[in-house]
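Here's a structure for you.
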Amino acid sequence: MKCHFFNDYSEGAHPRILEALQRCNDSQETGYGEDSFSLQAALILKSKMGTADVDVHFLSAGTQANFIAMAAMLRPYESVIAADSGHIAVHEAGAVESTGHKINTIAVAQGKLTPKDIQGVVDSHTDEHMVKPRVVFISQATEVGTIYAKAELEVISNVCKKNDLYLYVDGARLGSALMSERSDVTISDIAQFADMFYIGGTKNGALLGEAMVIVNPVLKKDFRYFLKQRGALLAKGRVLGVQFVELFIDDLYFDLAKHANAMAKKLSDGIVALGHSFLADSSTNQIFPILPNALIEKMKVDYGFYVWGKIDADHSSIRLVASWATKESAVDEFLTDLRTRS
Amino acid sequence: MKCHFFNDYSEGAHPRILEALQRCNDSQETGYGEDSFSLQAALILKSKMGTADVDVHFLSAGTQANFIAMAAMLRPYESVIAADSGHIAVHEAGAVESTGHKINTIAVAQGKLTPKDIQGVVDSHTDEHMVKPRVVFISQATEVGTIYAKAELEVISNVCKKNDLYLYVDGARLGSALMSERSDVTISDIAQFADMFYIGGTKNGALLGEAMVIVNPVLKKDFRYFLKQRGALLAKGRVLGVQFVELFIDDLYFDLAKHANAMAKKLSDGIVALGHSFLADSSTNQIFPILPNALIEKMKVDYGFYVWGKIDADHSSIRLVASWATKESAVDEFLTDLRTRS
Amino acid sequence: MKCHFFNDYSEGAHPRILEALQRCNDSQETGYGEDSFSLQAALILKSKMGTADVDVHFLSAGTQANFIAMAAMLRPYESVIAADSGHIAVHEAGAVESTGHKINTIAVAQGKLTPKDIQGVVDSHTDEHMVKPRVVFISQATEVGTIYAKAELEVISNVCKKNDLYLYVDGARLGSALMSERSDVTISDIAQFADMFYIGGTKNGALLGEAMVIVNPVLKKDFRYFLKQRGALLAKGRVLGVQFVELFIDDLYFDLAKHANAMAKKLSDGIVALGHSFLADSSTNQIFPILPNALIEKMKVDYGFYVWGKIDADHSSIRLVASWATKESAVDEFLTDLRTRS
Amino acid sequence: MKCHFFNDYSEGAHPRILEALQRCNDSQETGYGEDSFSLQAALILKSKMGTADVDVHFLSAGTQANFIAMAAMLRPYESVIAADSGHIAVHEAGAVESTGHKINTIAVAQGKLTPKDIQGVVDSHTDEHMVKPRVVFISQATEVGTIYAKAELEVISNVCKKNDLYLYVDGARLGSALMSERSDVTISDIAQFADMFYIGGTKNGALLGEAMVIVNPVLKKDFRYFLKQRGALLAKGRVLGVQFVELFIDDLYFDLAKHANAMAKKLSDGIVALGHSFLADSSTNQIFPILPNALIEKMKVDYGFYVWGKIDADHSSIRLVASWATKESAVDEFLTDLRTRS
């Protein structure tokens, strides 16, 4: 195997993360997220978002972040609206339902919800014989690598406000989305439009860790109870705090995302140049080229990637994921082999 | 502040843990606990337990481990029997209840359940108007530092088998329990008596991590679904695997626990020599001396520890916790100051 | 208002039900479903099904029956497959999700699932990142009045067995389905194909009451715990038992369903004769004619019914429901008015 | 068997209830609790309570009422405080826990909580590592037949208000409590002190039915969603409405309770006259005399009652329950036999 493009969590952490853990190791700290590093990380994140008026909590994993957020935002009979390709709808083993809540799924193109989609669900839920939609769940970037533009987020935010819905943004790959060359969205914008969202660390250089940001004051109260009750308070919460300090004390987080995007872009450009098309219009670190099955078989000999779906008898889409750890030489080698084996 | 005896998770990880994470950092691994390190760690643990016939999974935290285990062992109307001082009964914010299950608590001395306690709960739950007890939850070591002897575990195991109850052992501080100078219990014994238990890493040198061991074949099926659904599958599961390899590849885990116990013993002996008594008969790394309130106040100036409970108008119990990171010099200094200030 | 065709639960109970309640009123009975009437009703039902090898329990309402059945059949990470028009998917306010389970919905025509639909869901759920489908939920009759033929039930039962899925039948309108002139299915067939199902009383002459039949031996154990825990054990369980004795001691239940079907058939034939078409091919007591909006408005002046959905700019479907209490004269009058006002 | 004193739900309904069901049977009504009878019953109850400012909903059973109320009042990490003898704590098969909530139980005498009990639980729950107590659950009458005096309710209400706790009253036997000759509490008082409570019908003459009263405006919103989601909305909600109209249109409800109390009093006085003592100081329709075991055995030959608990080697307590249906001649006969067989 020459190289993996399986995902953005194949390696450990960026070296600076490990150095930071070592540097801070001896400090005696309070447990359960009240350590000095977590407090400092929260302050830094607030500064990056340009607002002190949010709460920040650190969690271990994306599914954990999502189901705790839903549990905290919803009353028992309330539901969450999501794309049918949404992570919570398919790939979290029913985590949201395990907290008692229905997901109202919408079939979407390009992984993105529209205000019309959302309004449609609201309008068709009219009384207590049905659940009551209360949260809109979107991902930035989406499962297929696309991103919402600022104007799109704004109209979604408006339709949410109009219908008394909370807007939640799954930011497992928020770094990549923000650093997309097509993005006109800042982290401050996210903090303006969303009621709650998380900033993903695991898929952008951390060993583990996601930073939950609570914007809407109504949702801030007692959130630590949810963390504790659902197993998300680490005794050594410092492990998360130290990493987020390191990622955001300067622009490491954004630099890593830029690198991942650049590698995905280079892969994408090279594949376009060979005349292939794509499943989705991604501008982030995951791309979904459509290739002849025979070529896919040849490439699988030396490269790791997932076959995503069948397109027709002779073609399939594959997923290639770049990360902070992806080497440009690996990308070059992949493209050369792709051209040679075509 | 000269030194903390607050708890055994004040520092980061043992240096060898950090070195291991660095050493393994570049390896490209499969995600979600199927990495080579987690597989290797499971093999090593099985070897230490002297059985290949168990399943091993790695989780992030003790509360997470406990509530996932209960969700996996219990049908909706079934309950768990625990000491009223048990971690799940008091200090997990209702995590077990959040999965739908009642805890039948029993008032106990020294933190330990007896077969008679257990049989009493079973006998008083007679029909479908009441919950059906199905799991017995014990901690080794207990919340007050005591341990079950092998003979005690055996009779508890027997009463469980007789009544069709699963036996679960919370091993947050299992290392310390096994290394207690009074212990006649091995890790193989635990794997023989328990249906499921976990080996705590966080409180014995790891950054984070608990190893769940499933002994009873009935409980093995589909356990990874529970891990995923409750947010416990880390994308970089390697982070846990690497640490458990390092802790158990030689006897680091046990050496760290021995050190913690030795430091607690030294503290304990010194306090006994000064004529003080104890709340519980601990032989592990947590001790609970009873001191005059005036002395406690004087010690608090320079040392970190929790005041545990009021004994009488003039005395309180305090908790002192030693860990792998506790320095003998700090213990000496504490004892000297205690004597001087008495 | 001349007459309602809103639903089949507009009136109280069939007079024989009230007489039976009066007749049995003074008998002193054991509570919570262990009264002599409930026991007798269970025996009668077993005899009607031609098998003693099932368990029978009486519940108060259909949503209650459905969510308790799902709670009893599913482990926490397991899901239920249903038509997207299924009652549990839309009209139970998230009852199934409130017990922690996802519903995998399938877009269907005529309210009916096919083996291919079911196999498709199973095949796309491959590992622990997704829920594990475990129950297939169908309704007989469906939400749009259609019924499964015996051959259809057989192939569905087969695909369930092949994939280790339980088959559950919501029989809120089972009487009407069995008495459909197109039906080749008996109540014994249902008891052969389904693992669990319920026989609806509320919508066929009872004051309230549904009889849950557990066919699969695996599902019988401890079912009364679920009834108690979810509030379904009535202190005066006799109220349900007495009614089911009366409904099934002779063929009252089937006679009432026949009458309802006959009235719906007469309505349907009359509407066909006027040249209108239908939303679904119902042969039971609910029909869904498509009428010009202007005609609908005129009919609403004197008749009660629900407008079901928009067909085009000028037409909508309406729902007409007949019951044991529907008078033939009311049907005649409706048809006359429909013709006159066209 | 001469007569049962097993419980107050052995017979069917008071004859007037059955007559009312018959009288109203043909009326075509809206389903799911929005029928004219339920609306009328709510108005009558508000008038009896002397306030229009409450919401009234009708449910089928006490356990159903309790767990739905808890689900509606509590956020996921919040708990309910109850006596360890409380119905929700012991005899509801973990219904409250099945909605995700812990019950903080308190060992009490005479089945009654005190402000000190409540404050103690609140004071010992200090942070997010523990649940957050939010509801106080009391029963009027209690499980052992005792009642809270107005002054006792007032101080409990005060301690609740002071600590931001809701007060909930389980009124399964509220009629008997209010009609106790020792009671100084009116139904208006209950509606003043409680945030939510229910008025039990099943155990006081109805076929089935409990009226939930929501006093606190915060708790009124969306309550019907809870009813629907947990299976409590009956299609023929009229069945409950009709009965509550009949029970409260004049004072039938209170007259039935008075009769039950009078019969219990007669039993009690007769037993006292024979020199026996009692387990609890009941003034309602359940009494708990302590009798010699030999005498109990002799009485069991002809009378139905539960042996409640062991007192000493030679004595046990029994439970005798009187109801609206208890005949004075049966009481006389019991007392005569008790005297003769002593």
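When the chains are written out, they are named A, B, C and D in that same order, and each has its own residue count from 1.
Assume a contact is a pair of C-beta atoms (placed from the backbone, for glycine too) under 8 Å apart; a residue touches a chain by one contact, two chains touch by 3 or more.
Computed from a predicted structure; not experimentally measured.
*Asks:* Using C-alpha centroids, which chain lies at the maximum separation from chain A?
*Replies:* Comparing chain centres, D lies farthest from chain A.
*Asks:* So which has more C-beta pairs touching, A-C or A-B?
*Replies:* A-B
*Asks:* What's the distance between the Cα centroids of chain A and chain D, rounded to whole Å?
*Replies:* 51
*Asks:* Taking the mean of the CA coordinates per chain, how far is chain A from chain B in Å?
*Replies:* 34
*Asks:* Hey, how far is the Cα centre of chain A from the one of chain C, in Å?
*Replies:* 43
*Asks:* Would you pick out the residues of chain C that each touch at least 2 other chains?
*Replies:* In chain C, 76-77, 92-94, 98-100, 128-129, 225, 228-229, 233 touch at least two other chains.
*Asks:* Provide the residue numbers of chain C that touch chain B in the complex, in ascending order.
*Replies:* Against chain B, chain C makes touches at 32, 71, 75-77, 99-100, 128-129, 132, 222, 224-229, 233.
*Asks:* In the complex formed with chain C, which residues of chain D make contact?
*Replies:* Per the stated touch rule, the residues are 4, 6-7, 9-13, 15, 18, 21-22, 24-31, 60-65, 67-68, 92-95, 98, 202-203, 207-208, 225, 228-236, 238-239, 304.
*Asks:* Okay, in this complex, where on chain B does chain D touch?
*Replies:* 76-77, 79, 90-94, 97-103, 128-131
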